[in-house]
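Presented below is the structure to which this report refers.
Labels run A, B and C following the written order; every chain starts at residue 1.
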Amino acid sequence: MREPENITEMKAILEAALLTAGQPLSLDELLKLFAGRMERATLRMLLDELKQAWEDKSLDLVQVATGYRFQAKPELSAFIARLNPDRQPKYSRAVMETLAIIAYRQPVTRGDIEQIRGVSVNPNIMRQLIERDWIDVVGQREVAGRPSLYATTKHFLDDLNLRSLAELPSFEDFIQDEIAVED
Amino acid sequence: MLATTSDIKINGEALYELPQDLYIPPDALEVYLASFEGPLDLLLYLIRKNNLDILDIPMADLTVQYVQYVEKMKAIKLALAADYLLMSAMLIEIKSRMLLPKPSTIEDEEDPRVELVRRLMEYEAIKLAAQQLDEMPKVGEAFQVAHAYYQHIADIKPPEVSMDELVLAWQNVLKRAKLNANHRLGRAELSVREHMSLVLRRLQADGMCAFSELFDVKTGGVAKLVVNFLAILELAKEGLIHMTQQAAFSTIYLQVRQADERT
Amino acid sequence: MREPENITEMKAILEAALLTAGQPLSLDELLKLFAGRMERATLRMLLDELKQAWEDKSLDLVQVATGYRFQAKPELSAFIARLNPDRQPKYSRAVMETLAIIAYRQPVTRGDIEQIRGVSVNPNIMRQLIERDWIDVVGQREVAGRPSLYATTKHFLDDLNLRSLAELPSFEDFIQDEIAVED
């Protein structure tokens, strides 16, 4: 196995790796392709060139929370969706509200979630989100019972095509008109 | 996402009236519980859609009715019913505090409704955020990630073995074979074993070798020479080599024993 | 969602679908992309063109038993393999014990090893060690069948970072340990 000798060969390796990965690849992972014989700056430059080369093609090279990935252009997605009529499971309102609380208020305990939702949280709800790898336990709150603290994962951001939590819609946008308190 | 009245059915018939206040007919409670995510959700609905004034609710009636629920709900969804009961208790508390004359000394006390309003508004925002998250395009639905195939050519790495692992393996052999007693062998003997292999290897390659050629006098050092000599003796003893000498004091030749030389 | 109007758009849909499928797609599946508005013959032609378009690129469009798929060019696969190095394999207990016996008791025949281990030695074990260049045949014992005598090689010492076999712990060390434990 001969190491790549020119930019074209390096780009072919990068492209093949990203097209076959099935998940985002971080800069550190991509550097492994070249067995440590590449500078980060060069890698970034190659990724930029690759991104441009694909601009008029069928996929986009995008950066998400855990790295770079190729994904079908949005206008082609609807056609591809015809191949898989069965979609991801729809989550219940309870699951989505729990997710929203964790996303916007993290790190939170189950108690915090119950306080905000005003109902007890079924452990099954947390399990569904953990199984999807959208949330995980990031620690314990140092109070009686040491309840687990939950936060969203990078995989959650990847799945929503986001690079960071800051790219989520602002919470302020969801606050509605003040509820009047009459005297 | 808010429950609409047509979603709510009782005994198969759509219920077109949502309660104007917090009183929910007991036979419909389960349906309401399923339509709303909890008391905050129901209260929010009543405030936003029905313009309910939370202080206008006849608390005495409400209290009696909710106590009746406790009996009814013992069998089903007690936990959820409890959430509603907790809320009505909270409302009753708020109302009672509003009705009591405020002693001037605790005039600074916060309006108890403020906390409820804060919670309602926070929940309302979370509800909308949840809706938004639900609608956001996601991988697998709106995004298909490239996942072409590649021939997994294993980057074959032979197993690593450390000295400790080797020693452990040897200890296991010894334990099982109970060889400890008759195989006491020290470092020196290990060197002899190594030199036996070296001499054999040399003879295998060269065919025949003069005894003196097997000793590297220049770099060997006395210990090594002795070990080498012991190795040759051991090889001879184990019948692995053959030594020949034409006459006294003439050159001794060593060679690997041939099959036809069996004694 | 507008149906594709020209060959370029159709090829982009096909390409995106095949790149994101994660498995081969049959002609029947690929036809679904166009909601029944495409002839099989046209589809085959488009696939041919796509195949040619990728000839000098990082992937190949190939036909396998269950359909068409994109796969990384063979010469690039070795680089991609660097992303997921195989877990370091382990030698079996039998291999390790055989190696230990050869190291401590060399030169030994397979018969010697069998006698010490109390079980027969699979020829495959010796082959693994010979292929690794850790043991070799240094002679034959002049008994019936002239069995090969095995010894460890210099390469074995190098790999274990030893200068000589004498650096291996001696038997006496074990025996002392043994006594200590038994007391």
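The working rule: a contact is a pair of C-beta atoms (placed from the backbone, for glycine too) under 8 Å apart; a residue touches a chain by one contact, two chains touch by 3 or more.
Not measured: the values here are computed from a predicted model.
Visitor: Which chain lies at the heart of the structure, taking centres as C-alpha averages?
Guide: Smallest offset from the overall C-alpha mean is found for B.
Visitor: From the C-alpha centres, identify the chain that is farthest from chain B.
Guide: If we average the C-alpha coordinates per chain, C ends up farthest from chain B.
Visitor: Would you kindly tell me how far, in whole Å, the mean C-alpha position of chain C lies from that of chain B?
Guide: A distance of 26 Å separates the two centres.
Visitor: On a C-alpha centroid basis, what's the spacing between chain A and chain C, in Å?
Guide: Computed from C-alpha means, the inter-chain centre distance equals 32 Å.
Visitor: Cα centroid separation between chain A and chain B, in whole Å?
Guide: Their C-alpha centroids are separated by 19 Å.
Visitor: Give the residues of chain C that touch two or more other chains, as numbers and ranges in rising order.
Guide: Only 16-17, 19-22, 59, 70-72, 76, 78, 80, 82 qualify.
Visitor: Which chain B residues reach two or more other chains?
Guide: 144-150
Visitor: In the complex formed with chain A, which residues of chain C make contact?
Guide: Chain C reaches chain A through residues 1, 4, 11-13, 15-17, 19-22, 25, 29, 32-35, 57-59, 70-73, 76, 78-80, 82-83.
Visitor: Which residues, counting only chain B, touch chain A once they are in their complex?
Guide: On the chain B side, the touching residues are 1, 37-41, 47-48, 53, 55, 79-80, 83, 87, 111, 113-114, 117, 119-134, 136-150.
Visitor: What part of chain B is in contact with chain C in the complex they form?
Guide: Going by the criterion above, the answer is residues 144-163, 165-174, 176-177, 179-180, 183-191, 193-194, 196-197, 200-201, 203-204, 239-240, 256-259, 261-262.
Visitor: Sort out for me which residues of chain C touch chain B in the complex.
Guide: Contact set of chain C toward chain B: 16-22, 59, 69-72, 74, 76-78, 80-82, 84-86, 88-91, 93, 96-97, 99-101, 103-107, 116-118, 132, 136, 138-142, 146, 149, 151-152, 159-162, 164-172, 174-175, 178.
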